[in-house]
Each structure stands twice: as structure tokens, then as C-alpha cells.
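Here chain A shows up in two complexes: once beside chain B, once beside chain C.
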Partner chain A sequence: MSIREKFIIPKRYNTISIALMVIGIIAIAALYITHGASKDPHEQARFWASLLQNSVYFLLVVNAAMFFICATTLAWGGWTLVFRRVPEAISTVVPVIGVICFLILMAITFGDNHIIYHWADTEHVKHDPVLLHKSGFLNKGFFTVVTFLTIALWSFLGWKMRKLSRSLDEKPLATVEERKKYTWNNTVWSALFLVVFALTVMSSTPWLWLLSIDAHWFSTMYSWYTFASTFVAGVALIALFVVFLKNTGYLELTNDEHLHDIGKFMFAFSIFWTYLWFSQFMLIWYSNQPEETIYFVNRIGNSSHPGAYEGIFWLMVIINFLAPLLILMRRGAKRNYTTVTFMALLILFGHWLDFYQMVFPGPSPDHVPMILYDFGVALGFVGLIMFVTGRALSKAPLLAKNHPFLKESVIHHT
Partner chain B sequence: MGLLRYESQVRPPLVDGDKDYHQVTEDICRPVEAKPSRLWWIGFLISVALLAFGILSVTMEVIYGTGQWNLNKTIGWGWDITNFVWWVGIGHAGTLISAILLLFRQGWRTGVNRAAEAMTIFAVMCAGQFPIWHMGRVWDAFFVLPYGNTRGPLWVNFNSPLLWDVFAISTYFTVSLLFWYSGLLPDLATLRDRAKLKWRKMFYGVAAFGWTGSTKHWQRHEALSLVLAGLSTPLVLSVHTIVSFDFATSVVPGWHTTIFPPYFVAGAIFSGFAMVQTLLVVTRKVLALEEYITLEHIEVMNKVIILTGSIVGIAYLTELFMAWYSASPYEWYAFKENRLNLSSPYGWSYWIMMGCNVLSPQIFWFRKMRRNLVLTFFMSILINIGMWFERFVIIVTSVYRDYLPSAWSTYYAPTIWEVGFYMGTFGLFFTCYFLFSKFFPVIALAEIKHILKKNGKNYKEKMDEVEKESLTEFSEKHGHDHGA
Partner chain C sequence: MAVKKFITGNFYDEEVLFPAVKKARRAGYKIHEVFTPFPIHGLDKAMGLRDTSLHTAGFIYAITGTATAVGFITWALSIDWQINFGGKPFFSLPAWIPIIFELTVLFAAVGMVLTFCYLCQMAPFVKKDHFNPRSTDDTFVMALEAGDKTNDAEVVAFLNNVGAKDVAVQYKETGWWLGRYDKDTKRFEKKD
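Moving on to the complex of A and B:
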């Protein structure tokens, strides 16, 4: 079997990614002209909310690729090795969207518009006892430092993991002892990444970037929920690139067995997301305490207050739970390129909608803004991910050919 | 035709020594076929004595009522519910190992799954005792079952998580039992075929359900395992999720928090693995099974312990942080005054919990420590204690100071009968475990054979040639075309 090691970016791929980025820029420009440049602070906030939702969502999704690598490395999983370079390439997007996201977060925090982050309005906080109480955590200095460190650490540790993987390309490991040492080294760095991941994605990051939009509200589940949402979307993104590369004649050693297992991850973590979604929703509904239910009242409403986001809310539950449950349960579905592609796109869209209803009811509680703009912005980010990932794929060999567990992956059976 | 059973030599073997199929059978059947040792008898009798004490304690409670316990109106849940949650939590490792690790194709589960599943079943049996006897009028226990009755519109309260518990735990118990027993069938047949005494032949013959080992039997057996694994995977999550609902659906500060479900599940797996370690570190030594339950197995389980322990740690800190962040004075009081404050009546219990569950497992970051048997045993006990205190902290430190300060109760210590009841469940647990380890193979015989040619030490050593093959050679020789 001959193996094509180098990915050559097809012309059409390049054109599409650039076209999508252009659409994104046009959408941002249009959104700025129609809303961002307005004098009405609510209109301005609508502009920034779109940038916030998209940049945070896509940053967490591409970062999930590195989480996938580290989690499987730490568990000594061998099956992912034949397509390992795919999540590695996706993770190169982290610093790029990281910078964009950082700039947007800074603009929202330090700008004059406080509709999104009420807590950033120092005058207002003085008269708001709840926000005053939280100001030890929700303040501009802390927010900036933690945000900066978070993005920098993800980028650095991701780079380190990729470097470790690349280091074997030219230098095969001859003895079992050397391989053990390499595996050990990999394990240590993955563990470090996971510790940082636990302290950021699974706790502080969603609190600062997203939970603080509804600054009075609180929920201990929030960060784990956000993690589940972006992890399953991250796996879907990996699936898309794997299918794309297979269809263009690359990844010769990846076969239905690997796709099947990626499909299982999409299925399992969709259910896991639902589990966390249900736990958060049901416990708040059951206890019925106004300071907690307000979050859902703003989204789906109650008997005295219609919720503008009701449609989006239930639609995303259907997309993120019912669709994967019913469609991905069958064995054949997880081994079918078309079904996996369709489901991966659906999951990415479903969790994007989830983020939409997490961000927008804060700045725009009474009506759903014109969502077409946000689609445009999202397409821009998709183009960017395609562009940067494509570059990364073309730079490194597509196969981590000297990895100690690669042979296990070649004969992998689900 | 490709090689189906290759594994990198980087991975340590899971079966040590120079084993073949016959030797595996001999090694694992030996303890079942030999006469019980003196050590076994001593252990067994101590367990039975504890069980007897438990029965006496429960009898006292049935005759004189729950007044025999030191519960009061404010602290209505004390040792009994703490023990209930503790035992249910322990009963999580077995099904996790057998179901989720089966789905994840983890070869190392074969060394420990049988004992862990048995332990799970015994732990759930112990857990069930507490809510049953806590009812006081235990003769009315059947009221928890929703059935058409002559008491008019008197039905169980379907809105109550306590009732969901009844369904969740009984389902879990049933499926775990089926899983464990269907896995045992081939091994029981082996014992039957080897038996020389008539009663043994009969006993194992009946127990093996006529297993012959034909291909058809194996096919159905494998299919059944997968179906049961699929069924029990959600159950591993649901049981402790619903136990957590017992608390989290309320409006009691310290109980009502959304992270409870996954945090309880992580804690349950954490404590379950600790109990598996406690049992297996001793079992492998006493039954001379070190070549099957290797240091590798112990190390992997210690990794699970540090992972789940750290998840629990993140959950503790999240809960603490949100108690402050929520700006709810009641929630924050429960944490600050009832838990963090070391000089408050039960503040010490919070710090025992933190020390045992979050700080101490961090020692397992070091490989040497993960492979140290004495330390592993010590840590497993420490975690068992820590996880008991977790439930004590959640229950008692939340309720002893309720919304009405005049009702605050700062004194709660168990009576001898409360302690006796708890000891009694240890008796039940260990009596069952001793009987199990005497009459059933503590290691899944057939499953070890299944992985032997892939993970056995002597077989792995023969893989040198394959290991040296270049990738192209390897994929041409052994790769198989699955839609490649």
C-alpha cells in the first residue's frame, strides 16, 4: 500500500476557505454598520455579542481537539494514531482564534458598552450589592490576567504536544526502552494539559467569559456543561476533516473501524451533554427558586412572561440530543461517510445554537436578533478554521509514522 | 489474513509468568477446589459475628423504633443515610469496570472485573438495608411499590426522588446481577467439568445452566455481554445521579446545587475503586494471584483514583466558589460557618473530607507511589473514610442548622445501635465476599484466556519480529481492508 504523506491543499479548498472568510468579514462589516456603529448601546451590544458568541464557541471547539489528543494519550489509547495528525492540525487554530477572541473580550470588557458585561460598569457595580459582592472575581484586572494566561497556556501546551509528535517523524525509536520513555514523556505533558484544562475550560473560563453575561445568575454545572457542549462539537469537527481527507484520497490507513469509533464518541458525548443539560435544567426547575429560574425564564419564558428564545432552545435540544440518539445509534450509521458527515455538521450547528441561546438573551432578552448576520460571522470562523487547519495539514506528514502505538491503530477493530 | 492480536511491547503485560490456557485454569481454580485456609475461616467468622451484631442492632430498632437512633427533628438523616449513600457509591466500580471498560476495550478489566462486580452486588445489598430499616414500620415497606391498592387514591409520590431511587437502585441491582452471573457461566462450567466430588458436580452443574462451550453458546454470550454493557452504561450514571437528586432537588443550602449529579457519579467511582483496591490487594496475596492481578492492574486503578479524585476536587471547589459567588447568604453560611470553620461543631468533618479525598490522592501523581502496594492499601482505606465523611458533611452539616435558628441542633452522635447497624453491613458485605471467594473463581477465567495471547508476558515476548516490521510491511501483512 502506498501512502501519500503530504497533503496538498486542493485549489477548491483554498478558494472555499477564503470565500467563507470574506463572507465573515462582510457579515461583521454589515453588522457593524447596522448595529455596531449605532448610538443605542443595545444595538452596539448586539454587534459585540455576535463576535463574542462566535469567537468563544469556535475557540473552545478547536481547543477540544487538543483535549481529545491529551485524553487519549493519557489513557494510552492506540486507536487514534492513524488520524492523529488531524486533531493536531485543528489545534493549530487555537492561537489564531485565541488572539481574536482575546481582543474581542478585551474590547467588551474595557469598552464603554456594558450591556453584555454589567459587572464591567464600575459606576453601576457600586449600587448593585450582588455585583459588588462578586467584584473580587468579576473585575477587569482579574478577567484580563486570567483570560490572557488561559489562552497562552492552551497555545503553549498544544504547541509542545505537537512538537513531541513531530519529533519522531525523522527519528524512529529503535528500542522498546526508548519507546517507553517517549510514551512516558507524552503522558506527562498530556497530564499537564489536562490539569490546565480542568482549571480553565472545566471551571474558570466559562464563568468569566459566559456565565458573567447573566451576572446575577449562578449554576455550579455551568462549566462542565459548556465543556460537554464544545467537546462533542470538537469531535464532530475531527470527524469532518477525517472524512474529507479520506474522500480526497489521503489517510490510507484510516478505515471504517476508526470512523465507527469517532462516531461512538459523537454519540456518547451527545448523550453526556444531554445528561448535563437535563441535570441543570431539571434541578433548577424542580427547586423553583426565582434567583435561579430567571435564567430559563429569559429563554423559554413562563406563564406570565413569554420567552423569545423558546424556539431556539427546544430546537437545539432536539438537534443535540434526539438526532444523535436516533440516527447514530445504529452501527451502520457510524460507518457511513455521508451519515457521519451530516451528523457532524448537525452537531456543530446544534452546539453553535446552544451558545447562541447562552449569549444573546443577556444583551437582547425580548427578541431574537436577526440571526442571519450571526450565520455569516460563523461562516467566517469556519473559513478561518479550514484555512489554518489546511495549512497545518500540508506542512506536517499526515501520518505519525514512528509513534509506538501506530501499528495497533492500523489493525484496530471496534 | 491479518494479525488480530497484536499489541505494542511498550505496554506492560497483563498476565505475568509463562502461562498457557491449562495453567490459567489450574491457577484460578485452585483456590476454589482447595480446602479453605485457616485465614479464610478466621476472616469468615469475624464477618459472621459482625453480621450477627448488625442483626441485633436492627432488631432493637424494629422493636423500639427509630428512637433507638440519635436522630432528632432537625437532624432527621444521620448515619443511616450517610451509610446508604456510601455503600451505593462503592457499588459503582464493578459495573463501570464490566460495562464501560468493556465498551472502551480495556484489556486490564479482565483481571479485576469478576471481583469488582461481586463487590458491587454486595455493596448494593448493604446500601438497600438503610432506607428499608429507616422506614421504622418496616412491615409497611411494600408501600414503596406503586400498585393498584384498596387504600383509595393513596399512591406513591411519583414526584419524589426518593421513589426514583427505589426504581433506579433495583434496576441497577438486577442488571448488575445478570451481568455478573452471565459472565460466570463459562467458568462455572469449567469447575463442573473438573469436579471430582458428586455434590460439587451437581452444584456447579446446576449453576452453569448447561453451558457446553459450543460456538453457538459463545456467540450468544458475547452478544448478551454487549447488550448488558449497553444497558448498564447509562445505569452507572443514573443510580448515583438519582441519589444526588435526593439532595439537589431540595432547597436546603449545601444540597441544592446543579453540579451534584456528575459530581456524585465521579465520587462514586472514586470510592468504588478504592474499595476494589482494598479487596484486591489482599485477595491477590492470599490466593496467590499476583500474576493475574499484577502491579500493572493496581497502577491503572490508582490512575482512575487520581482522575476521579481530582474531578471530585474540582467539584468541591466549584461548589465552594459558587456558594460565595451566588451571593446567597444562606448558601454561603452553610459553607463558611458549618463547613470551612474548623471550630464549628462539625467543621472538622469537612477538613477530613478535603484531606482524604482531594489532597491525599495527589500522591498518585508519582509512578513509584502508584505501584507501592502498602501505600495503595493505606490510601484505599483513607479514601473510603474520606468518602464516608463526604456524605456525612453533605447530610449533617447542611441540616443541623436549618432556616430556623431556634431549631438548630448541634449535638448528634450515633448510638451503639446506629454504629452496630453500620458494622452489620460490613459483616454482610464480607460474609458474602468470603463465600464468593471460596466458591467462585475470583478472576474471570474465560476472559483472561481471551486476552492471554495478546497481553500475556510470554506471548508478548514473541512479538519481537512484528515489532521490527516496517509500517508498510506491517500494514500489508496484517492490515485489513475495512473500507480503507
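Moving on to the complex of A and C:
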């Protein structure tokens, strides 16, 4: 079997990714004209909310690719090796969207409009005992520093992991000692990434970027729930790229067995997401404390107040739980390219909706302001991910051919 | 149950076993079963076994568990004996989901274990008779089905040829049976 070493970007792929980015820019411009430039602060907030939702969602999704690599490396899982360059390439998008996301977050925090982050309104916080109590954590300085460090550390550690992986391409490891040393090195750096990941995506990042939209409210499940959401979407993105590369005739050594395991991740983490989502809901529903239930009043409503986001909320549960559970359950479904592609797209969309209902009830509690431009912005980010990932795939060999665990991955079967 | 004739060979190494399984299939022998002390990856494919239906059974048990839980709790708490728990509605699904989940898992797990035991013809206190007791310890035993018209010598020669040790012609009862047959050797002697 001959192995095509490097990905050559097809012309159509390039055109589509650039077209999508253009659509994104047009959508952002149009959204700015219709909402962002408006004198009504709520309309402005609606513009920023769309940017916030999309940039944070896609940043966390592409970062989940590096988490996938590090988690499997730390578990000494060898099966991912044959397609390891795919999540690696996806993770190169982190610095790019990271910068965009950082700029958007700074604009929202330091702008005059405090509808999204009302903890950023220093005058208001003085008269708000709850926010005053939280101001040690929710203040502009802390927010900026932590956000900057978070994105910088993700980018740096991701770069380091990719460098370690690519360092083997030119010089193979000759002796067992060298291989042991390399594996140890890899383990230490992925452990470092995971520690940073645990302190950011699994705790502080969702608190600062998303939970602080509902600054009075709190939930200990929130970060895990966000993590599960982005991780399952991240695995879906990896699956999409693997299927795409398989269909274009690359990744010769990746086969149904690997796709099956990616499908298992999508299936299992959809259920994990549901578990966290439901745990958060049930505890709040059961204890019925007004300061906690307020979060769900806008989303699913209560006896006196119809929830504007009810439709999106339940649609999201169908897409993110029932569909993966019932469709991906069969062994054959996880090995079928069409089903996996369809489910990956559905999961990515479903968790995008999940983020939509996390962000938008803050600035727009009474009606769902979803218009086509929101999808346009999302498509812009999709185009950006396609563009940068395609570039990264074409730069490095598609097979980490000198990695000590490669054989384990080649003969992998479930 | 019928007592059938089998020709068994004992393999000491996977590397010998896999080609032997393939050769036996190609030569047209019907492999009754390969007994191994531990699961061997890829052996099911080499033997050409179809995927198990155990998970379909598991799904059906799970659905039964869900239905049982939903049905019973709804009947008990919303219809038969309504109790006001902290002002919650009598039909309060969120509170029941953990129990529905538990019953789903319980039904699926217990049902699948019992089905597995049935399919493998195992039950508590049933002692199975082995073609070769070493298949529970360190070797792999391949049993080829044989009939009245089988040329035993030819099959024995074939097994010896592909690397089997301790090749033997044995008579065993097949199918589901209860009882303690591990010490019973007379039962399986060749009847003329």
C-alpha cells in the first residue's frame, strides 16, 4: 500500500473555505449594520452576543482536539496514532480563533454596553450586594489576565505538543531508551496541558466567559456541562475531517475500526453531556430556590412565565441526546461513513444551539432573536477552521510514522 | 440431546492457531468451536462468526426496564397513592429519571447476563465437560465437527499437519443440558 504523505489542498476545498469566511464577514457586517450600530443598547448587545457565542463555541471546540490528543496520550492509548495529525491540525486553529475571541471578550468587557456582562458596570456593582460579593472574581482586571493566560497557555502547550510530535518526522528513534524518553516527554507535556485544561475549560473559563452573563446565578455543574458540550462537538469535528480525508484518498491506515472508536466517543460523550445537563437541571428544579430557578425561567418557563427559548431548549435535547443515543447505538452506524458524517454535523449544530441558549437569554430574555445572520457568523468560523486546518494538514506528513505506538494503532481493532 | 462426534486438536500458540483456523475453513471442515482460556482479538473474524445479537437483546431488556419504571412510578405516585412532595406535581418526571435510569441499567445488565449464560449453555452449579481441560488454562482447543461419513484419519492427519497437538476423536453431548457431567466419561464413549 502506498501512502500519500502530505495533504494537497483541493481547489474546491480552498474555494469553499474562503467563500464561507466571506459569508461570515458579510454576516458580521450586516449584523453590525442592523443591530450593532443601533442606538438601542439591547440591539447592540444582541450583536455582541452573536460574536461571543460563536467565537467561544468554536474556540472551545477546536481546543477540544488538543484535549483529545493529550487525554489519549496520558492514557497511553495508541489507537489514535494513524489519524493523530488530524486533531493536531485542528488545534492549530486555537491561536487564530483565540485572538478573535480575546478581542471580542475585551470589547464586551471594556465597552460601554453592560447588558451582556453587567458585572463589568462598576457603578452598578456598588449597589448590587451579590455582584459586590463576587467582585473579587468578576472584575475587569482578573477577567483580562485570566482570559489572556488561558488562551496563551492553550496556544503554547498545543504548539509544544505538535512540535514534539513533528520532531520525530525527520529523525526516527533508534533505541528503546530513546523511545522511552520520548514517551515520557510526551506524557509530561500532555499532563501539563491537561492541568491547564482542567483549570480553564473544566472550571474558570466557562465561569468567566459564559456563566457571568447570568452573573447573579451560579451552578457548580456549569463548567463540566460546557466542557462535555465542546468535547463531544470537538470529537465530531475530528470525525468530519477523518471522513473527509478518507474520502479524498488520504489516511490509508485509518479504517472502520478507528472510525468506530471515534463514533464511540461521540456516542458516550453525548450521554455524558446529557448526564451533566440533567444533573444541573434536576437539582435546581428539585430545590426550587428562586435565585437558582431564574436561569431556567427564560429557557423553559414556569407556570407564570412562558420561556422564550423553550423550543430551542428541547430541540437541543433531542439533537444532542436522543438522536446520538438512538442512531449511534448500533455498531454498524458507527462504522458507516454517511451516518457518522450526518451525526457529527448534527452534534456540532446541536451544541451550537446549546451555546445559543446559554448566551442569548442574558441579553434577550423575552424573545429569541435568531436570524439568518447568526448562521452566517457560524459559517464564517467554520470556513476559518477549514482554512487553517487545511493549511496545517498540508504542511506536515499525515502519518506520524516514527511514533513508538504507531504499530498499535495500525493493528487496532475493536 | 444428541451425542456427536468431534475431532479436536490442541494448539500451544496463537501464531499456529490462526493459520490453522483459516486452513480448516478453506479445507471445508466445520469448526464447532475454538476454546481459549482468554479472549483472542480477531479470532471471531478468522472463524467467520457473525456479530452477536446479545446487544439487541440488551436493548430490548433496557426498553422493558424503562417502561417498567415509568409505568410503575406513574401508577404508584400519580394514580394510586398521590403524595405531595414539596409542592411538586404528582407527575414529576425529572425526579423519576434517576430511578428510570437505574431500572433501565438493571434490566439490561441482568437480562444480558442471563441471556449470555443461556447462549453459552452455562448456569450456576452446572459443570461443563471439556474437550480438553487445558483450554481453561494455557492452550487453545479447536473442535471440528464430524459425522458418520467423516474419514477420521484424514481429519486427524490434517490437524497434525497444521500444528495441533494431542489430536483426538471425541464424542460429546451438544446443546443445552443441565447436570454434572464433568466426571462422567462413560457417557461419551463411542457406541457401535
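Quick note on the criterion: the second predicted complex is superposed on the first by the 413 of 414 C-alpha atoms of A that agree within 3 Å, B and C clash if a C-alpha of one lies under 4 Å from a C-alpha of the other, contacts with A are read in each partner's own complex, and residues count from 1 in each chain.
What we mean here is this: a contact is a pair of C-beta atoms (placed from the backbone, for glycine too) under 8 Å apart; a residue touches a chain by one contact, two chains touch by 3 or more.
Given the structure is predicted, the values throughout are model-derived calculations rather than measurements.
By the touch criterion stated above, A:S203 is placed in contact with chain B alone, chain C being left untouched. Of the two partner chains placed by the overlay, chain B and chain C both lie in contact with A:H413.
By the touch criterion defined above, A:G362 reaches neither chain B nor chain C. Of the two partner chains placed by superposition, only chain B is touched by A:F218; chain C is not. When chain A is checked against chain B and against chain C, the one touching more of its residues turns out to be B.
Looking at the shared chain after the overlay, A:R331 reaches chain C, while chain B stays out of its contact range.
Of the two partner chains, chain B is the only one that A:E252 touches; chain C does not reach it.
By the touch criterion stated above, A:Y286 is placed in contact with chain B and with chain C alike. When the two complexes are superposed on chain A, the residues of chain A that touch both chain B and chain C are 286, 413. Interface of chain C with chain A (complex): residues 41-42, 51, 55, 59, 86-88, 94-95, 97-98.
In the complex of the two chains, the chain B residues touching chain A come out as 2-4, 6-11, 234, 237, 241, 245, 248-251, 256-262, 310-311, 314-315, 317-319, 321-322, 325-328, 365, 466-467, 469, 471-472, 474-476, 478-484. Residues 1, 3, 76, 78, 129-130, 133-134, 137, 176, 179-180, 183, 191, 198-199, 202-203, 207, 216, 218-224, 252-257, 271, 275-276, 279-280, 283-284, 286-287, 289, 291, 335, 399, 401, 404-408, 410-411, 413 of chain A are the ones touching chain B in the complex.
For chain A in complex with chain C, the residues that touch the partner chain are 278, 281-282, 285-286, 288, 329, 331, 413.
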